[in-house]
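Next up: some structures, all given as structure tokens.
Two complexes, one shared chain (subunit A), two partners (subunit B, subunit C).
Now for the complex of A and B:
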């Protein structure tokens, strides 16, 4: 092995530019794989953190009838969880309502939340600090789409528990900036006490957000969605993105591996005399196969070193600076920050190195197998076709 | 040891497939070579010289009969065993030198010692000794592409001799050399033959080579037609 390594190194160095072209392309593929996966992992991490801080908390205890995908369930999906106040749970009551901004009409989800809560990052303190009759906070997306500013009033109509319509002006007490669109677009947050009064659903909640110390105990009529299961959909979407992105670097890897394969085929054809000489000097055929396979593998070792030389500073810089996401990405409906900071885990780096080394070893071995079937006499004469 | 046969050829026949038929390159050859011989197989092109050398070098095997080299029957050796035989006992010198182009002179000569897993300090000593035999100590760091034909063939001799093999097989070693270099090469090999008692076996039709040989085996159409011992009038040329 050591011999094959030494010989392979000498042969590759002797091949000059051909070696470096392969190494450069492979190192580029190598750095790109780490960068792209790091970007996706960074997005996943940032999205998970934002999702937990702004929406999911440590899980959600939902009313059994509540289906977040079906607004019609809101009518009946609420109830009172006995002993909820003594647990680390923040109640959220969701109701349908209509607002009339600048003469237009828009259906919204009206969410009542405990103004004193600290489980979510929502600035609910603005609700308790406001002197308005019905203070409300909205997200930046909502504010932008409705052209609303802090202090403005807007007419809102809602139905109480009996289905009777009522209307009042709400006052925008604050606009929060969050990367989580599902707490922002089409939603208005008001103090839950107000919403209880407005709807007559005293102490009712559609769901409870679990805090840090919450321990789930089965409650009839309620179902618990753990933090992990709430994040699952997000993780699935991001993983899908990872798979689609892998096509790009898969193509680049294929080009690099084809270059190695091609180089190996040409090398074996051109170096027949050398192969014959190795065998005549006492190398076994499989030692020669190993030597040529090692040469191919060494492209990946050299690519790793070259990739590390320019890749480490580049990737660290990008991780520190972050990658700016286009404004349109905020409209995608999933959690995306303005800048995503790639995260390069040890597993990602080692996994990529192993992938590149294994792939280049395989594509080097395939043509090298031909050596095992070579007639050394024909090889010495350079007669093989 | 003086009369010990290190190569024995018994009723050796070698056939090659050609189209739908066969071509017989060697027909019932019977020969023996002792340690320290300086012998040549001579004959026109296609007479079977190189084929016989290849079989002795375990690069090929007989179709019929036996080739026994250092007590090993060539036809019964596996790839690994024949590689071991070559590595340990046989050195090759080729017509076109076959030096490994990316290695220096030193590394080319060192190669077979690395295969024998000899330690670095010992290897260095042996390589420098072999380069001294062929007068190329000063060219150790040169690449083969920087050498003349004569120098290249001397490196090939050093490479074949560095492991002090029992047998050196030289296939037309002077074919690409001018007369002066051919004589110098032959003289070098003759000296090594005397000094190290290595058996040299040549395949040639070069008169210059023949003039150095102690034994000449004439092959024609795959058969031994003459096997004569040569008595040289003077030892030094």
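Now for the complex of A and C:
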């Protein structure tokens, strides 16, 4: 084995630029796989943390009729959960309303939340500190689309529980900056006491956000969505992204592996005398196959070392600096930070090394199998087989 | 003559508003004038946008206040769309999908084809006297017609508008202008009626402009080009089968 390793190393070094071209392409694929997966993992981690902090808490207890994807359910999807106040639950009542920015008409989700809550990162303290009749907080996306600033007023129209219209000015008490578009775009947050009074739905909630100490007990008419199930959609999107990303680096890997395959085929064709000599000197056919396979595998070892030389500082720099994401990606309703910091786990690095080594070993072994069928005398003579 | 003057004086005649009518009676007459047993009409709905306007032509049939059927005749995109209202249910048939859907809940609060009217506005079938208490708060002349200004306050919990102001023609008992208010007193919508025409014994405004006062724009005009009151309408018109015909 040691001999095979030494011979393989010598042969590769002897091949010169051809070896280095293979190693460079393979190392590039290797670094790219780690970077891309690290980026996706970093996004996943950041999005999960943001989702929990800003929207999901430790789960949501939703009214059975509430469907977040269907605003038409809001009219009936609310109720009173007995004993909610004694549990670690933050009530949120959602109602439809219309605002009129610059003479335009815009439908929004009007959300009432307990101003004293601490489960979510929403700055609801600004609601209780404000002296306005109807204080409201909005996200930066909403503020940008409405061209609103703190202290400004906007006219809002809503309906009470009987469907009667009401309208009043609301005052922007604060603008929060969150990466979670689902609590921002098209939404206005006001104190729940105020919304109860405005709609006549005293103590009603569309959902309750679970706090750290909440333990779910079955409640008729309510369904509990755990933190995991709430994050599932995000996990699915990220998994899908991983698959689509794998096509890109899969292509790069294929190019690198094709190059190794080609090199092997050429080596076996050009080095028939050498093969015959090895066998004549007492090596078994399979030892020669191992030698050639080792040569192919060594590309991946060298690619790992080369990749580590330029990849480690590069990937660490990117993890520290982060990758800027285009603003448009945040308008798509997915949690994406302005900058994503890639996360490289040990499993990811080891897994990628294993993948590259295994793939290059396989593509080296496939053409080398031909050696096992060679006639050693013909090989020594350099006859084509 | 002197004794008559004394009688009038002691009876408080001079202290009463001259000819102050019973507002609820006016409302009743208004209801009677604006409703009919049946109505067949052809109308144009002109929706004014920011840059341009579009006109939708429709033919409508209604019987009492519970049944109505509308078929859109133009533009091409809306042609063949039909709406059927039976009591508090509303179905819409779309020829492009060949499907009939029933609108309910929040969907009824959506705008009708981008106009300033909601399906719910079109669905309102209760008489004004059933929803509001009225008082006369003044008089005003609109387009040369003397009107009473009626202030209507909801007497039921589920009125869409808590308050209304209606300008009623003193002679013809038809509304010439309406203002609809939120609970807070904020003016939400204004309706102006004009082109009043006589149909038999009845006067009727054939042009109405609906304007959402909270947004910019000229609102939506509703112009009746043909109107036939109290004509026989075949029963099949008010069935779901007629939507796909």
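Here, the second predicted complex is superposed on the first by the 384 of 385 C-alpha atoms of A that agree within 3 Å, B and C clash if a C-alpha of one lies under 4 Å from a C-alpha of the other, contacts with A are read in each partner's own complex, and residues count from 1 in each chain.
Note that a contact is a pair of C-beta atoms (placed from the backbone, for glycine too) under 8 Å apart; a residue touches a chain by one contact, two chains touch by 3 or more.
Computed from a predicted model, the values in this text were never measured in an experiment.
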Check: Overlaying the two complexes on subunit A, which is it for subunit B and subunit C: clash or fit?
Finding: fit
Notebook entry, point to check: Between subunit B (first) and subunit C (second), which does A:225 come into contact with in this model arrangement: first, second, both, or neither?
Noted result: neither
Next item on the list: Give one of first, second, both or neither to describe whether A:103 is in contact with subunit B, with subunit C, with both, or with none.
Entry: second
Next item on the list: For A:157, select first, second, both or neither according to whether it touches subunit B, subunit C, the two together, or no partner.
Entry: second
Notebook entry, point to check: Should A:71 be classified as contacting the first partner (subunit B), the second (subunit C), both, or neither?
Noted result: second
Next item on the list: Mind working out whether A:167 is in touch with subunit B, subunit C, both or neither, as first, second, both or neither?
Entry: second
Next item on the list: Using the superposed model, measure off the angle between the directions from the CA centre of subunit A to subunit B and to subunit C, in steps of 10°.
Entry: 150
Next item on the list: Please provide the least distance in Å between a C-alpha atom of subunit B and a C-alpha atom of subunit C in the combined superposition.
Entry: 74
Margin query: Which residues of subunit B touch subunit A once you look at their complex with the stated criterion?
Written below: 54, 57, 59-60, 79-80, 83-84, 86-88, 92, 94, 96, 98, 100-103, 107, 111-112, 114-116, 159
Margin query: Using the touch definition from the top, list the residues of subunit A that touch subunit B in their complex.
Written below: 3, 6, 10-11, 13-15, 273-274, 276-277, 279-285, 287, 376-377, 380
Checklist line | Residues on subunit A engaged by subunit C in the complex (per definition of touch) | finding: 71-72, 74-76, 96, 98, 100, 103-105, 155, 157, 159-160, 162-168
Next item on the list: Using the touch definition up top, name the residues of subunit C that touch subunit A in the complex.
Entry: 105-107, 109, 154, 157-162, 180, 182-184, 186, 188, 212, 214-217
